[in-house]
Amino acid sequence: MTMPPVLLELFVLALGIVMLVLESFAETRDRKVFAIIGIVGLALVFLFLQVSAPGPSGMVSYVMDWPAIFFKKVSVLTTIVVLIMSIDYADTITRFLPGRSPQSGLGEFFALPVLTCAGMMWMSSAIDFILIFVSLELVTISFYVLVAFMRRNAASLEAGVKYLILSALSTGFTVYGITWIYGVTQQTNLTQIQQVLPSVPLDNQPGLLFGALLVLVGLGFKIAAAPFQFWVPDVYQGAPTPITAFLSVGSKAVGFIVLLRVVLSFQSLPAVGDRLISAITFLAAVTLIYGNLAALPQTNFKRLLAYSSVGHAGYLLIAVAAIGARDSGLAVVVYLAAYLLMTLLSFLILVIVSTHSQGDDIVHFNGLGKRSPFLAFGLLVAMMSLAGVPLTAGFLGKFLVFKVAFETRQFFLIALGILTVGCGFYFYLKVVKAMYWQPAPPNVTAIPISRLSLVAMWVMVVLIFALGIFPQFATGLLPSTSP
Amino acid sequence: MSPLLFWIFAAIMLVFGGMVVIHRNPVASALSLVVSFLALAALFVSLDAYFIGVIQILVYAGAVMVLFLFIIMLLDLKAELRRRPNLPAVCGGFVVIFLFIVAIAEVSFRFQGGDASFQPIAQGPQGDIWHVGMILFQRYNIALQVVGTLILVASIGVVVLSKRELK
Amino acid sequence: MNLLIHLTYLAPIVAAVGILLGLQPRRTATYAALIALVSALVVFLGYSRAQAGFQFESAIPLVPSWDLKFFVGVDGLSATLLLLTSIVELAAVWLAPTVESGENPYYACILLIAAGAAGAFASLDLFFFYAFHELALIPTFLMIGIWGLGNRQSVAWKITIYLSVGSIILLVGLIGLYLLPPPQARTFDIVKLQQLASTGAFAGSGSKSVFILLLIGFGILVSLFPFHTWAPQAYASAPVPVAMLHAGVLKKFGLYGLLRVALPMMPEAARHWAPLLLILLAGNLLYVGMATISQKQLDLTLGYSSVMHMGYIFLGIASYNVIGLNGAALLMLAHGLSIAALFAMCGEIRRQTGTVNYLDLGGLGTSMPTLCFIFGLATFASIGLPGFANFASELLIFFGAFKNSAPGAPLNEFQIVGTIALWGVVISTVYMLRAYRAIFMGERQARWQYVKDMPMNLGWAVILLVGALLVFGLLPRTVLDAVEPGIRLFAK
Amino acid sequence: MVTLNDYLIVSGILFAIGFAGVLLRRNVIIIFMALELMLNAANLSLIGFARYNVHDRLPDYNGQVLAFFIITVAAAEVTVGLAIIVALFRARQTTHVEDINTLKF
Amino acid sequence: MNSSPWIILLAPFIATFVITLITERFKKLSSYISVGAVAISFVFSVFVFFGHDTSGSFNWIDLGVFQVKIGYLVNDLTKLMLLVVSGVGLLIHIYSIGYMADDSGRSRYFAGLSLFMFSMLGIVLADNFIMMFIFWELVGVSSYLLIGHWYFRPAPPDAANKAFLANRIGDFGFMLGILLVWSASGTVSFGALSQHWSTLGLDPTFMTVTALLIFCGAVGKSAQFPLHVWLPDAMEGPTPVSALIHAATMVAAGVFMLTRTFFLFQHSPIALTVVLWIGLLTSLLAALMATQQDDIKRILAYSTLSQLGLMVAAIGLAVPQAAMFHLFTHAFFKALLFLGAGSVIHSLHHEQNIWQMGGLREKMPRTFWTFLIGTLALIACPPFAGFWSKDAILASASGNTPAFLAIAAVTFLTAFYMARLFVVAFLGEPRSDHARHAHESPPVMTIPLLLLAIPACLAGFPFVASFFIRVPEHEGSPLGAIAVSLLAFAVGAAGGFYLYRDRNKDEIDIPLFEHKFYIDEFYSSLIKWTVDLLANISGFFDRWVIDGTIVRGLGGLTWGSGFALRFLQIGNLQAYAFLFGAGVILLLYLVKFPTK
């Protein structure tokens, strides 16, 4: 494709603006059409991405390499699924969003994710701290709005405030960290930083490490790594469910691409790079423990997924900590691809079920196996994959993570991984248990599913198995094995 | 800039920064913040960053602070009630803050050349605003677009979040 | 011909999907199991004993850069275990009781468990070897949780968590194994790995830690002492087909893994860890054996006995010579058949009387003579009486253990544990005969007079199992001649 | 003579003051102000570094550009943040952090 | 006729299968199949008897480095045993047709009998240890099945379990011995071992231990002290079974095996001594116990024990020929006695207490006379068969005074208790209704009695015996031995006769003997305090410590820490900010450059 890559983001941006404009002219029309427009537009973008190859971008702060394309795809795909979910969730949104017409505000709810998607796509390509910072903030600020979107819903607002304050705090640290990195290296561009790092004098290395660690803190916040994860359960629970899905997949994914790029460029100065790796190891350990252990007693499915999101960040961090291994980048990528599928699938079904049964506790899934076997099956597949049962995508991710960890001799993390996988089986199967073991509450009916969601669900189920059974799909994601 | 002026402005900035935290009345805090930011703008100027200094005054002291004050007035926030301080939390907070300052001091003092004075710079034909602009529109053009989007998103967000509720 | 082997796991998977989509469960499952059995039988009989090595190979390359393929094929050992799988599968499907609600998922789960086992035995690729086995974990969880008995929920949790932790340890071990050779030689191909092993690629210092990971991982899956406590209660609470498939077939995966992966590739590490394994398996034999004696219910007795019998197989494996390993291989088959038959009949007793407690039962032989007779045969098989395959294999295991010594030398550790194993035969006699006596013999209580003999479907299922035991017991060479060449490749 | 260290230390203290505000104040709006202090502290360091790194007898304007972006972003953040806080106040009649704790565990 | 041994072996095996699988419902047919099979075996045994010594085998298991062979080794010993086993077996099969005529489980019974014949013939034919062990076990199984034939009563299954377990304990030693033999020599073939065992240069202790372990097998199977307890209980089975298995053949298998493997003992004096004294101890104890029993079959059972003890003692005296000779004669007269007792029991509607009998002489003349012949043979009355064989043992003990005295004492006791049995059961007045209405058994039962009475009379005469067996030559002075033997016999028989003539109840009451030296009680408390206790401790430990405490504890600990971790998530924004800051500090101080 000869189209300048940067145009893709602009296209997405235009798409979002078009949706906004349409919103303002649509008086009584069904706003769900906007979401369909967004989905179609993003699907086009996805197809473009599918056929575009990496190449020079002609810009210093923006690259178009394989990871960039991959993470752009992740962003687009996530947004598509989020939009599909949003359609199902629209009724809940409008309930908490009074306006002139019954659907007022929905257009923004569909358009903002598209704009956020543009931010994520920029972030996937960013190799300059300035661009990283602004696109990160674009994503963050959209999320402020989206999380607090249901402004009649106290929980949504509370989540919004918590996210706002903590995210701004982490931004403060990130900025301070970037400042120090810039101060020591005199550069904001990662490629140039990588080049000048070996010549950083010994006295400046602590400052460099200080900056890098603070950046790590900020990114750790985005990817929900302990001990910077405290916002996650509360915000996930309070936010509108599609946005929770968006947060847990999109925000995390772009956090990881930036983290990978940063960590990788710091490898050129082992004194700092290795310390950064040990910091990540520490984060990985704490994250694994916290995410998986604290999930054990959960009874709310959304919070459970929040803790699970933290737990998976732990596994991903293992892969990042094993950056020295050949397939480390691949491990992150594959794990994220798997994580995307299984988490979005879980959220999709959560949206459908919770819309129907007015609640998102695990008990609301009781007897789902009997009430709606296909939904239950979809969720079963998602849970299996999250727990890491072989022949699903989640297993492939865990497999690669353990592989790279073994290659770099991260035995402590492996031991923790073993323990936490066991915990994971427990809390994921709790949902399975509710669906299949428990009797359904009396006088419930089968849950209606929109055709779009059904298609999306089956596509993801098939993809989960496809990725698990044919790993070449996954390895094909990233031909050059490291970003 | 002479060291004296630097220290004066630095002191103003820190003291009023502290006032933001200490004052129980939100309005006082906000006004202290304005003063602190003005001093900060002076420090920017002392670093030959005139453009940033101006922006700081325009955006922060001008726009942001007005917004803050406006909201405080709008919500009619009263002074915080004196609540019993949670002693362990306060102590913990101070320990964390202290350790953080120590960490910053350590890396700062180790910074090579940190104790040397700044190299003089030439006053070229173009002011710093020219340089900043060149970089902004050439090298970081794309970032500028992103920021544009960001502001768009922010304005949509504000609209969505505070649209009047019509019955 | 090469495609037949695919049927052993594909037939049940396809049938399971079909059943989930609404096909008539019982008939579909039976046909699928029959197809699997016929193809396994053809593979077993068609396996050329003269050529040895892996046959019926077929591979689909997946990830060339890792040398990851979907690669199936059999040697004598896996052909035998495939046969075991499909026999037990057919029996389990055959005798599965009528389920009031959710008959479709019930049969689908049975088939999936069997398919997991079959796939694991057929795979010649480490990745799928592992993956297939764990695939069976979730159906097991569902089956025990939904259709189990007694304390089913906590039991389902326990077995699932326990086995998943075991599996993940195993996974780490397998990854370690994959990473042991130099990067350009790395492969998931078991055949290639075995060739690599003969060049000493795994002899490095890492092999010992990899081996212990594999040993513990496989050990947990096989209920090696002291990681055994999941097994008895799980089997007691599981629905009958699950107990049969799990205790009979799925559990053999760990042993198969040791024979297929751990031992051939890391012989030195195997010898290094043999003393530890000996101590642990002595725990299986003696300690678990004693614990079995103290059980007061048939299901728990069978569950514990199944744990105990793993000790023999481990002994065969620990002794690491042709005799012991062949014995272990044969005992895997024999134990699978006998424990499946026993669990099947235990389920029938419980179905009719509602109890398997020894104190409540007695004299059932009068009411159910056929069941009593076949149960007796299975009992004899499980305590290792000649005529049944269990005897031949235990015999080989004892000889294998005693092979590891210099003539006339004082007892070494193998012989001591061998002696314990021999005493284990007495222990198993004690508990099995006690059980048989308590259930079938003596005077019949009045309340059991309406108990009927077992139904036809169960009858044919257990006759299939016990008949196979007798055939292999009388003609052990049918199995051993196929297994032995593969074992001789790496053991003396 | 004013050195880079002086700026860095002052900036560090300002950052710490901001952080202290976040930790100690109960009013969300004040906390938000404190966060602005932190961002500005970062800016001070940034400009300091930019002035310190002299190329061709000119300061490194990259740092100033970054500072510019930070200011812009911070402004946008403030507007959205205040909108959320206002919405929260309307829903709950409070801006105290202790009252915002229905979501927990 | 090389296939003859195979036919001998397989005929009963096929019968077992056919009966079990096909003719289970046709009870008569089943019994004829069984008898027919044993008849085939007998006919071919006769062929083999007159044939040459042969051997042949095939590999049952072949692992290259290790083979398990199934083969036969036909020599004098084999021929004799084949004849005895199939001959006595045939008669007892025929007898069973009558005895079990109205038993509902007849097919099962005959299947068991055929299985037993198969296994016993397998032992006899075996040419190596492993094959012998295989059939050894099978004999145990068939014995278990037949003892437990009436499984719906409480006692037989218990007895069956006991028998099986005792055998298994013996087999434990036996197998261990086989393993040691094999690990030392690399072979299990009798042929190879008998030639090379003594030339392997093994440690004497090792040889002794090995021999004694092998002897364990015999202790179990031949019910020697301390594993003798099962045999009397085994009388719960149908009487023909007791005759065939627990008197004539199976229990003799131990002696046969010791003879077969005598090369192991030959060079190990300690082992021989142990064997001798185990045999003598068993013999004495059993004889003492027998004097106080009231059950006709039990008395015979104890006498079997006692006689087996003598045979074992003969092995211990290094005269296996004498043991075999006694085995040979004993098979006939003990089978005869049991069948006679069976005839009595059958006719008295399963009354087994001798004090409920009496006066059967007139009512059951054929049984009476044949039983008398059997008794005389057993108590070594010249010239009946038992006299000759027991004399041979006594003679070989002449160099060993304690052993000699013990054997003499056994002879005396045997004569005494058999006289007691005979007098009480057959003479005097009937003491119960059953006895009063007794009648002679049908010919299908009495003809085997008559046929067995012939060898019981004649088999001992050297000219007859030497046709079948190499009769041991008497060493030293046979006269003294004969004299002592005769004296002991005469005193015992006379004592028994006079003490119990016309008595209605036992005048002598020795609880120690009556309660079998309290050995059963001792065992059951031993089992209770060791096995069951250990089992319960293990069970408890497994349930509550390993599973309950460790496994569950770990699970609970994990869950609990998860629960505790949740309390960090208290919902307060500032707490999160604080934790965030603390995290930053932790990270900064954990990972930093060393300060200058």
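First chain written, first letter: the chains are A, B, C, D and E, and each begins at residue 1.
Here, a contact is a pair of C-beta atoms (placed from the backbone, for glycine too) under 8 Å apart; a residue touches a chain by one contact, two chains touch by 3 or more.
Since the structure is predicted, the reported quantities are computational estimates derived from the model, not experimental observations.
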item: Number of steps on the shortest touching-chain route linking chain A and chain E; value: 1
item: Relative to chain B, chain with the most remote C-alpha centre; value: E
item: Innermost chain by mean C-alpha position; value: C
item: Busiest interface, counted in C-beta pairs; value: B-D
item: Computed distance of Cα centres, chain C from chain A, in Å; value: 42
item: Interchain centroid distance [CA atoms averaged], chain A/chain B, Å; value: 31
item: Inter-chain centre distance, chain C versus chain D - centres from mean C-alpha coordinates, in Å; value: 64
item: Gap in Å, rounded to a whole number, between the CA centres of chain D and chain B; value: 5
item: Per-residue overlap in chain D, given as positions that touch at least 2 other chains; value: 15, 18-19, 22-23, 26, 28, 31-32, 43, 48, 50, 52, 62, 65, 69, 73, 76-77, 80, 84-85, 87, 100-105
item: Where chain A touches two or more other chains at once, by residue number; value: 130, 134, 137, 141, 144-145, 148, 151, 161-162, 165, 169, 180, 183, 206, 210, 233-234, 419, 422
item: Shared interface positions of chain C, touching two or more other chains; value: 161
item: Which chain pairs touch, all of them; value: A-B, A-C, A-D, A-E, B-D, B-E, C-E, D-E
item: Chain E-touching residues of chain B, taken from the complex the two chains share; value: 89, 92-93, 96-97, 99-100, 103, 106, 110
item: Chain D residues touching chain A - in the complex, by the definition given at the top; value: 15, 18-19, 22, 28, 31-32, 35, 38-39, 41-43, 45-46, 48-50, 52-53, 60, 62-63, 65-66, 69-70, 73, 76-77, 80-81, 84-85, 87-88, 90-92, 100-105
item: Footprint of chain B on chain D - complex, ascending; value: 1-10, 12-21, 23-27, 29-30, 32-34, 36-37, 40, 43-44, 47-48, 50-52, 54, 57-59, 61-62, 64-65, 67-69, 71-80, 82-87, 89, 95-96
item: In the complex, chain E residues that touch chain A; value: 558-559, 561-563, 565-566, 568-569, 571, 573, 575-577, 579-580, 582-584, 586-588, 590-593
item: Chain C residues within the chain E interface of the complex; value: 158, 161-162, 226, 229-230, 233, 287-288, 290-295, 321-323, 326, 363, 365-366, 380, 385-387, 391-392, 395-396, 398-399, 402-403, 405, 407-408, 415, 418-419, 422-423, 425-426, 429-430, 433-434, 437, 440-444, 476-477, 480-481, 484, 488, 492
